[in-house]
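The first chain written gets the first letter, and so on, giving A, B, C and D; residue counts start at 1 in each chain.
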């Protein structure tokens, strides 16, 4: 069967989460020549409708991007037990659904540590998108990383809003970043989807550093992007299609952390000049410790608190 | 002078048809401009909306919302009031539905919850219309501006309530918990399948029937009650209304209450019929689309049903179209909607004067 | 009066203008010698304002042309008229109310892209004009704060500031107090002395007699007569204005007035601008009589009807009706007055009496829509309404007798029949009736008059407002004359003749009688 | 504390800028008697056109021209409907808003294939901050230095232009012939007509000015404040500007203060998150967000003064007895 993907309402060009999946899709298509059917719903009703339409036409596996789709996927997956679904960022317990979740806290810990090393003011910022546990998980991991390097550092945290629009509000992102800069922060991590664009822009405009999220966003404002906390949704999508093609697709929960290469920090030409050899070796060291379990990063979502 | 010589079908059929035709032609040009074939696109659109059971179900599901908001706009309009607050009233109406369902779904059966939810929708929607109505009637505040403001206030209020009070702890999306199944309005396909009728799996639910009942209700109310008589008098000739001893402020307020209540019923369809939880932005512009529906439908329930189905078809067909031709976004439907409002509302005199002139000249000659 | 060597200040040739079905002006010719004051009179709707608006370029004539100072001018817009030296003071002022006098005066004649220079120049020029014509005014005052008389002065200044040599005034005294009017005429005189030509429209024959050199009469869109003022009199003008109408005779017996059904004491009403529209009007209306209210329209009759019927609240005074005392503090609205058995045929059927978008049978219950006979438990009883409407249409000879026809599509006369039938058939104790036969054909007039008398004879009271003197005299048992919002005279119908009433309506009766003829 | 305030005012300036442009745009239109709830659509349309132009030609100035042209075109549609065809102003405004909401996404999808966005703009394709002379040198001077270097310096040119537009508008509206006629035509078009001036022509010109200003507002959003177009990026700013216009009672300077107030509330809302006020507790951000709308309703209801608009507003002009 042909594979398919349903993006969430931010659309596949959100420069971040959905775009990551899109990159995976592209990669798969260019490698195998198999077209992946894409669908971008406009409203809640269309999410389910789109899933259903794809399922009816026999597309499988269908990758659903984002926790917003969990209830729709659950309904449709029940109605089409022979179709395989993979949902990213949410867990659904059905025999034909694969749930892919990430250890965002581990990746965030890494970039937090890096932020602390790069900061001259010992104050760093975090701009979250929508105020949901998932985003708090980023923030909590980040904070732990910062404190691990500089225990006395200040971590300013702001959420953009409490609705889906918070992932798509660069104006507000830029205002939030500017307010954090004015309070002394000189590195800011945006885990805010499209809102991040405004954060990076503000950093660029004010000559401060920013950290990207989800995709490798280092190229967006080369020179002031310290790094990106990559969450390899592209890999997740790519692997789903690959495994479905070779028959190794399995339902159940797939957890992708540092060890699995599901999350990481990004180093490329765009930020090479910002990362000293020292910093690099330090980070690789910390990275190793997390993978080895020497550093335990607290997962906000395990108890909905950030006590570590 | 002019009217008697113009046949009735010109006003109720020909002119709306030309308006929508022009809207479609311009939209066709847009599609052409982005390098797609408008004819092919129209084919997908029509097939998606009417070509198969499920598509029809979706069309009617969208139409349900539009019937509610279209009726809402038209009731106010009959009284000479322009209610562009349908969006906010629908939103708050949904809050009423959601609160009833959340409060009772553990303890009560559907046949108790449903009527209470309907009342909840009407009362909350009406309450949201009350303040602009009161301010218009008693203090002369322009209802258009106040209803716009109330749309924004509704939207902030709902975010506040849902995020801070109604959201389940630990849940990602800003939704309330999902209602128990006994607070779900039955889907029509579920109701009909025991009768051996298969209409495909779509979100079309009992709210559609409620919408049709509302049409009859509005029709009776406007054309067959004293109150409707007073409303129409006020809407067409306020001086005559005062001459007739009609309490214009009271009629104004009631017109808006009914209008708001009708808009609130969108919540029945969306919250109780389809989403089964209280969520953000479920109104998705239906309140504004209701303006187009009521303009197209010439403010008459039958016209509104037809216009709502037309727009419902555009929504559903548009989604289908976007699915089949990814370069065409579903927003093309929004463009068509806007063009319909432009041609049948703002530019109504452009065609009307000319066509009526033509018929008058023909009648004279 | 015609002197062919001197060109006329203004000459109209065969001007026609049609609004839809209304022929507002038909082949109008008019010659106005320079430096004269030329009066134009005519009944309401005769087409005077339309004609003046054509001269001023506000409307374009369908046919005909205009000559100014002997030269044909093409007036397509007000700017063309201004350029031709024509200025106009409209019946309804064309002022921007929240502007200062100065700003109003310079509007359209600013003399440059920036205001400053223009305003300064205007200030100087206005001072000159004020001196020359005793048109004093505070140029920095905000127009809406000025009394009406001064607002009119602003209009005149506007025209003069633009160098008008021909000044049109459309019913300028309609809104003025007698003193203000006198002042206006002094101004007009001094303008005339400066060579300005004045076209003066008015209903008031006294003013024509007092201040014009020539007068033209319009009737139903046509120019029917020209006279030199010194060779005519009010009697002749009144006849010309009204035309040779069939003398209407209504067969009616002597009235048998009995109890007072309605009495009003010192009714006073201010409009939303605070202008006093009704001035301490007192009257008594008895069972079995028709009380006629004569007067030029706009002298408070409409306000009186609206206050009596509860449509507009009174400001001061008291009404006794059906055992109730109605005051400003204890008002009754139109519906309550109806419940007390007062019916009201409004003067303007389109604005008030009907909802033209309704079908006839619906319009036929306006005001009585709550009555039990038209209503079932919940719904209105359309069948009963239709049945009744059919019967009425037959009784009152409404044509076409189709209760489903939109009210707008009936002719004026038939619309009127629908309204009158509705009110009379309620069998009210008191019927207020305004302009009952405006635009109604002779046959129908007779029928309507008969019905009114029949109602009287059944012991009801009728208050009749009409600008048609014939009608007032034919129907009324007693006549009250209103002028400027007040009752200026009362007489028995037997003593009334057209001349007396005409003079009273112009508030010139006593003066004339005493030989103080203006 | 002082520094926080300065920084908050600094943000206020940035956030208010599109409101000021748009509210002044509305001022021209509404003073001429044309109700304009289409401000929103014009801002959005211009934001898209400006970003598209800037992305294609790599110049913010070219983008600005595109934005202004798009906005003027929309204003002309409004004029065609409301002035030439005596259509309902509100219906026309709703139509324009709806069309633009759909069309911007459709076109950007086609032109850039990025789901209703334009490419991210950088360099010359954006209006960048201007540092006023001596700003850095003065930065350390107490009080004045901070005000100058943080608050006044470091904005892009459109911000300064927006503030300059206020005295400019004041001058145009109250000191020029055009302004006099503009005000007159919104109060009593009959007076204007009988003064020999074309009502339609003035109203069309007012709408052109309105279009230009909305064009600036939109271009600011997509090429100055942000670096590219996003769907629905006007996010109600047009309506907020309308509220500010009413709040400022259709007069330039009070309108400026209304915009600044609304902008300040916005800037505060960003910084109020989770702040606990003594005695009140945590203020919900939404409560601050709705303040402009609530204030406008209160004003309209006459509770805080009465907002009386131009008298002839919203009524099509027909030659008739007044």
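Please note the rule applied: a contact is a pair of C-beta atoms (placed from the backbone, for glycine too) under 8 Å apart; a residue touches a chain by one contact, two chains touch by 3 or more.
The UniProt protein names, listed by chain, are B, D = Nucleoside ABC transporter membrane protein; C = Nucleoside ABC transporter ATP-binding protein.
Because the structure is predicted, anything quoted here is derived from the model rather than measured.
J.: Looking at B-C and A-D, which one has the bigger number of contacting C-beta pairs?
T.: B-C
J.: What is the distance, in whole Å, between the centres of chain B and chain C, each centre taken as the mean of its C-alpha atoms?
T.: Using C-alpha averages as centres, the distance is 47 Å.
J.: Whole-Å distance, chain A centre to chain D centre, using C-alpha means?
T.: Centres of chain A and chain D (C-alpha means) sit 35 Å apart.
J.: Averaging only over C-alpha atoms, locate the centres of chain A and chain C and give their separation in whole Å.
T.: Here chain A and chain C have centroids separated by 78 Å.
J.: Using mean CA coordinates as chain centres, what's the gap between chain B and chain D in Å?
T.: Their C-alpha centroids are separated by 30 Å.
J.: At least two other chains touched by the same residue of chain B: list those residues.
T.: Counting only residues that touch two or more other chains, chain B contributes 159, 331.
J.: Quick one: which residues in chain D touch 2 or more of the other chains?
T.: As it turns out, chain D has residues touching two or more other chains at 113, 116.
J.: Which word fits the touch map of the chains here: line, ring, star, complete or other?
T.: The chain contacts form none of line, ring, star or complete graph.
J.: Would you please name all pairs of chains that touch?
T.: A-B, A-D, B-C, B-D, C-D
J.: In their complex, what parts of chain A are in touch with chain D?
T.: Residues 11-14, 40, 158-159, 161-162, 168-172, 174-176, 178-179, 182, 194, 197-198, 201, 205, 220-221.
J.: In their complex, what parts of chain D are in touch with chain C?
T.: Per the stated touch rule, the residues are 174-181, 183-184, 187-188, 190-198, 311, 319, 321-322.
J.: Hey, which residues of chain D end up touching chain A in the complex?
T.: 3-4, 7, 11, 14-15, 113-117, 120, 122, 128-129, 221, 225-228, 230, 233, 235, 267, 270-271, 273, 285
J.: Considering the complex alone, what residue numbers of chain B touch chain A?
T.: Answer in residue numbers: 58, 61-62, 159, 163, 169-174, 178, 201, 203, 274-275, 279-282, 284, 319, 322-323, 326, 330-331.
J.: Quick check on the complex: what are the chain C residues that touch chain B?
T.: Interface residues on chain C, with respect to chain B: 20-21, 309-311, 333-338, 344, 346, 351-358, 362, 365-367, 369-370, 375, 378-380, 382, 405-406, 408-409.
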